[in-house]
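The chains carry the letters A, B, C, D and E, assigned in the order they are written, with residues numbered from 1 in each.
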Amino acid sequence: MTAPLLNVNGIEVIYNHVILVLKGVSLQVREGSVVALLGGNGAGKTTTLRAVSNLLEGERGEVTKGSIELRGERIEKLSTSAMVERGVVQVMEGRHCFAHLTIEENLMTGAYTRKDGRAAVAATLEKVYAYFPRLKTRRASQAAYTSGGEQQMCAIGRALMANPKMVLLDEPSMGLAPQIVEEVFEIVRDLNAKEKTTFLLAEQNTNMALRYADYGYILENGRIVMDGAAAELRENEDVKEFYLGVGGEGRRSFKDVKSYKRRKRWLA
Amino acid sequence: MATKRIGDVVLDVKNISLAFGGVKALTDISFDVREHEIRAIIGPNGAGKSSMLNCINGVYQPQQGAITLRGRTYHGMSPRQVAEMGVARTFQNLALFKGMSVLDNIMTGRNLRMKRGLLWQALHIGPARREETEQRAVAERIIDFLEIQAWRKTPVGRLPYGLQKRVDLGRALAMEPSLLLLDEPMAGMNVEEKQDMCRFILDVNDEFGTTIVLIEHDMGVVMDISDRVVVLDYGKKIGDGAPDEVRTSEDVIRAYLGGEQTQPQRHRDTEELPA
Amino acid sequence: MLYRENGQFKTSYPADSQILPIRQDRIAMGLLLAAAFILVPMASSEYLLRAVFVPFLILSLAALGLNVLVGYCGQISLGSGAFMAVGAYVAYNCQARFEGMPLIVALLAGGLGATVLGVAFGLPSLRIKGLYLAVATLAAQFFVDWACLRLKWVTNDSTSGSVSVADLHIGSLSLESPQARYLLCLAFVVVFALATKNLVRGHIGRSWMAMRDMDVAASVIGIRPMQAKLSAFAVSSFIIGVAGALWGFVHLGSWEPAAFGINRSFDLLFMVIIGGLGSISGAFFGAAFIVVLPLVLDKLPYWTGMPMDTATASHLALMIFGALIVFFLIKEPHGLARLWATAKEKLRLWPFPH
Amino acid sequence: MGPFLETLIGGLMSGMLYSLIALGFVLIFKASGVFNFAQGAMVLFAALAMARFAEWIQKYTGLDGKLAVNLLAFAGGLAVMVVVAWLVEWLALSRLVNQEGITLLMATLGIAYLLEGAGQMLFGNDIYKIDIGLPKDPMFLFEQTFEGGILVSKEDLYAALIAAALVAGLSLFFQKTATGRALRAVADDHQAAQSIGIPLSRIWVIVWSVAGFVALVAGMIWGSKLGVQFSLSLVALKALPVVILGGLTSVPGAIVGGLLIGVGEKLSEAYLGSLMGGGIEYWFGYVLVLVVLLVRPQGLFGEKIIDRV
Amino acid sequence: QAKEQFFPLLVYRTGPYSPNGTPWANGKQDYIKLINARDGGVNGVKLTFEECETGYATDKGVECYERLKGKGASLFDPQATGITFALTDKVPHDKIPLITLGYGLSASADGGVFAWNFPLMGSYWTAADVLIQHLGKKEGGLDKLKGKKIALVYHDSPFGKEPIPLLEERQKMHGFELIKIPVTAPGVEQKSAWLEVRKQRPDYVLLWGWGVMNSTALKEAQATGYPRDKMYGVWWSGAEPDVKDVGEGAKGYNALALNTSGQSPKVIQDILKYVHGKGQGTGPKEEVGSVLYTRGVVIQALAVEAVRRAQERFGKGKVMTGEQVRWGLENLALDEKKLAALGLTGVIRPISTSCFDHQGSTSVRVHTWDGKQWNFSSDWYQADEALLKPMVKAAADKYAAEKKLTRRTSAECQS
């Protein structure tokens, strides 16, 4: 088997010198694959992605143990922009559009690191608009005044503008209408298939994520508790129960949740 | 489960129009909300759902139309006045008080009910102290209810997203509202957490009889727990009715649920999974 | 293992919302207060009392007041020098014009005078935010500077525009000794610190913080922006005004408007940020940093044993001071108080790192 | 009419000089969201460097062509400012990524102290001279029409022209270039800018260098007007209301703000000052700002302040 | 242990006023070094000193005072008006005299009320008085001032406002028009002030500035075409730093001179020889003898003479306390002979103080900048006692009333 594109090796992350969040997380992402990172709130998904893209510093976090390798190269000490130059772009959780820039300017900043000329950038811009027609209609309005979903599209589109080799997607589906969620995942699949872009996506929408991913890791409380091919994970009883919301007798209505509450085995 | 006691219209929105410069966020929207019901608003991104809530609770002033709340009609009321009429809400992009602890966030929800003035507060004796303790007890009940006891003293900024959403709900509940507006309370949650959230919402609705207006993109949730659904698209109302009616409406499917997807989401979820 | 809260359970809400919930902290605070009230005045030299502790206490008080506004309510103000000036001049006028007005009353009247100005200049904060507000508050600073020079009645027709106060006493107690002055300031500081702490843990304080963190959400909850902001301006300028009156009366004794110039405003803002926004102890840390550090740096040439001329020494001190500010901000952007809290948290977990 | 026109023209030119300083603030704020209180100190530092370089060049090389000496000294000053920019980025800003505005503001105050101390220590704290040959004597216009003519300070006129040219160039830069856009992006959200690969450190070095350049020009002009010494750092206070009036993020705003405040304070001093005992220009600019902000909270040309839920 | 008389030196070598504060401070220090090097101290008592940087800020000044007073200080020269005000209240309790040569409160010349303040050689009132006398003389008689316009361009602070009462008094007497034009500290922006001057076209401009305000005023005067030879500065507006970088533009500008400038006086020669000659000088050699440097020397010389005088009464070769030094200051009697012995001939005029006259002399000359150096352009003037005395007394009485002080009696003057 070829060496993985990304190899995260037993990393520990501490925020503010005292808050230990990741307690030895290891994962591999092979070139050209779509890997899902699943887990509940506060499990440490975002933190893992930040560790890879080196966005921890601004959050006063640091990797204190373990190593992260991209194509065999140690990258913990690199700057975020060096990572982007190596083709790794993160789409941050919670949108983070540039509020005062228009949608189009937002997208254009995404191409900041590109060196392949205006025409190529313009082509990518058209591609992004083709993926997200809604952005095209709102292209001239300031990002702050667009709806939550529009901002999410803008953030994703902005990352695509860098022509990345690998995208770290943090909760892409959050706040998107079902139709758009579907579209976003289709885009992921599309890019993956056509341009061999690798994806590492942190998602709460396990159902969607597992449908589109090749491989999945489940993170709980800062530890990987389970991993496997996406298809296998979907079969797993625990995953079904806790992440997909289907019990033994099929999907339970949200209406019935009142009478029912179980804890995950591995948390007990 | 107690049968629903859906009552009279408590909130009546009539011909609301709202525009920002050239952008028409809402055009001539009318709908009503009845006592005790869970009313969902759905629609594609940028349809104007959040703007609708903002109009209801006074953050935006619609250019046209009127809103009648418990018999009082208003065009422009300050958020404070609306709050005094028992309307509370949560926010799509978490609008928590980041620098404050969970407890303090929830206590701010009790602010309307705390009356002791500056001097009493500064001295922190007698009435001020008693008042603080009383309200604290209420806040603690909400904390228990939402199962966030362990994070009581944590600054909310440090909490994971899902818990922050829960605190946001807690803050709204602390106002003991009769009408609760929820803007995507379940965004960014996994199924388990959504279930928790649904449980809270249903409990509030059942036990306190709170009327709820809910914006949500997860069709499973909307179809399961709401009594009636309004569908907005590009600022216009394109559907209104019981979940099942809406789900099968051509317009709604085309605009929102997704082109080729004609089957209801709940079935799809299960069917998609290989047996 | 000394610093643990194990086994300390709270059985009532008041107990849980105490200012210092951990017993060790309470003991430490008790000791600190005892030292401040008894040990310091007994053991300190006149120089320490007059030139270090008194200004430290007064500026702590002013920083405390400013922290209410900036730290708790999120309104940046660069006009605190003006509020101090108003406090000082109003107190001065009270004493000069009303025969036999008790000192304490005059000082508090100074605070009230500052409150009036504070509320007036707080009104724009309903529309103006952030840095824009900060610069707008400079209008207060410059206007008051000017008015104190220009309006004759402010200085009770003193020809030169400088004023001075007669011998201070409370009742028959003379306040000439450095100990008495120190204790007066300390008493003020303790009372105001306690009152402020009470305010910020009550609903008024919460409404300030809510305005600071997310004003739209706050108004949706039913907090009146006007009431919250103006009350913060009022409380803050009252405290700053009293501090200004103390600065004029107790520390300087005689002053011209330049004593409350724009540098004072910057210094105060410095203190609250270096000390820690939104924290009572931050005001003290900040004041210590600004008052004590330069004094320590002044001694630098002696300690290094290097003979250095005054100019080089003070340039060097200025540079080190600047560098330390940057250093501490990098180390902990939330101020010295937070640094202290983190240290305590570590101590709590000790000997385990996490 | 004569005195009025004179005051008006004088105000316009003072305003232009304020703008020159204000520009430094705007640049850094626009590009990094940092309100740079060290701008005044940078002006002092740059002017000190240039003045002393000119002196030393003359002394040690014997060069005495005024133009050559000044050009060399200017280049030297610029080099020093670039080093300052790089140090500021490396030692302070890069370690304060993603912090709140007010923290950054305080850091720049720390930097201001550092620069003031270092500047005076390296270059001395006496009064030094920058002589770039600006004419000191006034000229008089329309001597036929008005008694005594209308006085225009030639020195100010040249200075205003230089300032105007600088501003025009910089606004163009920000308008459409990719770097300009990246700078604005950084100002909005450090982290997001980082996440898409904008190298914050390089951007900051660039901006601070440009601001250093502006400070040098300002220092040169003000220095030749006032003499180079500590007080030069205080002219920054005159620029604060200008920045705010024009809007923190607008380069042209700095100009318009400067002109408005320059004219406003001079006219008010001339026509209202005597009624109120004089010295009102001291606060006039700030009060004007306060009033304008009440109507437009983001200043005249500033980006709208966004708060949404 | 050797006996040492300690001199605290409050100075400002940094900040906006440092170009002016530095030579002043250097002069003070060099004179102390001179006394030690040349005379071995005062009757065998070595002089020691410590500098404390105030940066012209009042609170720093107070801190310096508290710090140095504990080290045995028996006399202070605060070097700043604001600090003087703050210390005026403190010195009576500490029993330490304040020398404020040429600055401070004008009323403090009255030793009966201001028991510890010594505005030796003149206050702002005497300065203003002399300036008007000089202008009168130029016009050919004080009565010729009638109808003339005189503008006062002043530093907008107590320092700058001090002369106003006197000028108003003189205005009433002579019928000239007084135009008051304030300049906000530090004085870097004076355009409107000078546009006002241009509009009003006064016959004379009196400049009451300090630091950068002075040179800026001269530059603005040039830029608005106001003739520099119609400008008269107070003695704090007439030193080298004020005109140095204006150069030619300041030619013809006049200011009061409390002392000489230049390196010819004997005391300066001695400093060059005994201090700088041994490599112990404080500042650069060229600056020795400049206006403010010499003023520093004069201040320190008077301070040392006060100590010497006190020793005559309280015991030669002893270290004097603050109270004893005050007695020395109140009994200074430096006639030409004594001045000559000190090498101060021509530098200042004789000075003799008393318990009630803390000024001792009001002699002052006018000097004019010729583009390179200052040259005297008038003879010595004295302030008009008849005019000043009642004003000083009235102001001192008002102060005493506010402070509930009683005047000193002659008996109290003895110790």
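In this section, contacts are C-beta pairs under 8 Å (C-beta built on N, C-alpha and C of every residue); 3 or more make two chains touch, one makes a residue touch a chain.
Composition by chain, UniProt nomenclature: A, B = ABC transporter ATP-binding protein; C, D = Branched-chain amino acid ABC transporter permease.
Since we're looking at a predicted model, the values are computed, not measured.
Engineer: Count the smallest number of chain-to-chain hops linking chain D with chain E, moving only between touching chains.
Structural biologist: Graph distance in the chain contact network comes out at 1.
Engineer: Report the chain whose mean Cα position is at the greatest distance from that of chain B.
Structural biologist: Between chain B and the rest, the longest centre separation is with E.
Engineer: Chain with the smallest distance from its CA centroid to the overall CA centroid?
Structural biologist: C
Engineer: Using Cα averages as centroids, what's the distance between chain B and chain E in whole Å?
Structural biologist: Roughly 74 Å separates the two chain centres.
Engineer: Using CA atom averages as chain centres, what separation in Å is found between chain A and chain D?
Structural biologist: 44
Engineer: For chain A and chain C, let me know how many angstrom lie between their CA-based centres, rounded off.
Structural biologist: A distance of 46 Å separates the two centres.
Engineer: Between chain C and chain E, what distance separates the C-alpha centroids? Give it in angstrom.
Structural biologist: Result: the chain centres lie 37 Å from each other.
Engineer: Which chain C residues reach two or more other chains?
Structural biologist: Within chain C, residues 146, 149, 214, 216-217, 220, 311, 315, 318 contact more than one other chain.
Engineer: List, in ascending order, every residue of chain E touching at least 2 other chains.
Structural biologist: 13-14, 18, 22, 156, 182, 184
Engineer: In chain D, which residues are in touch with two or more of the other chains?
Structural biologist: Touching at least two other chains: 120, 125, 277-279, 282, 308-309.
Engineer: So in the complex, the part of chain C that touches chain B is made up of which residues?
Structural biologist: Against chain B, the touching part of chain C is residues 12-14, 17, 195-196, 198-199, 201-207, 209-210, 212-214, 216-224, 231, 235, 278.
Engineer: Residue numbers of chain E touching chain D in their complex, please.
Structural biologist: By the definition above, chain E touches chain D via 13-16, 18-19, 22, 156, 180-184, 186-189, 191-192, 195-196, 198-199, 211-212, 215-216, 219, 222-225, 241, 244-246, 249.
Engineer: Which residues of chain A touch chain B in the complex?
Structural biologist: 19, 38-43, 93-95, 134, 138, 141, 145-150, 152-153, 171, 174-182, 204-207, 211, 231, 234-235, 240, 242-246, 250-255, 257-258, 261
Engineer: Touching residues of chain C toward chain D in the complex: what are they?
Structural biologist: 70, 76, 124, 127-132, 135-136, 138-139, 141-143, 145-146, 149-151, 214-217, 220, 262, 266, 269-270, 273-274, 277, 311-312, 315-319, 321-326, 329-330, 333
Engineer: What part of chain D is in contact with chain A in the complex they form?
Structural biologist: For this pair, the touching residues of chain D are 97-98, 178, 181-182, 184-185, 187-201, 249, 303-304, 306, 308.
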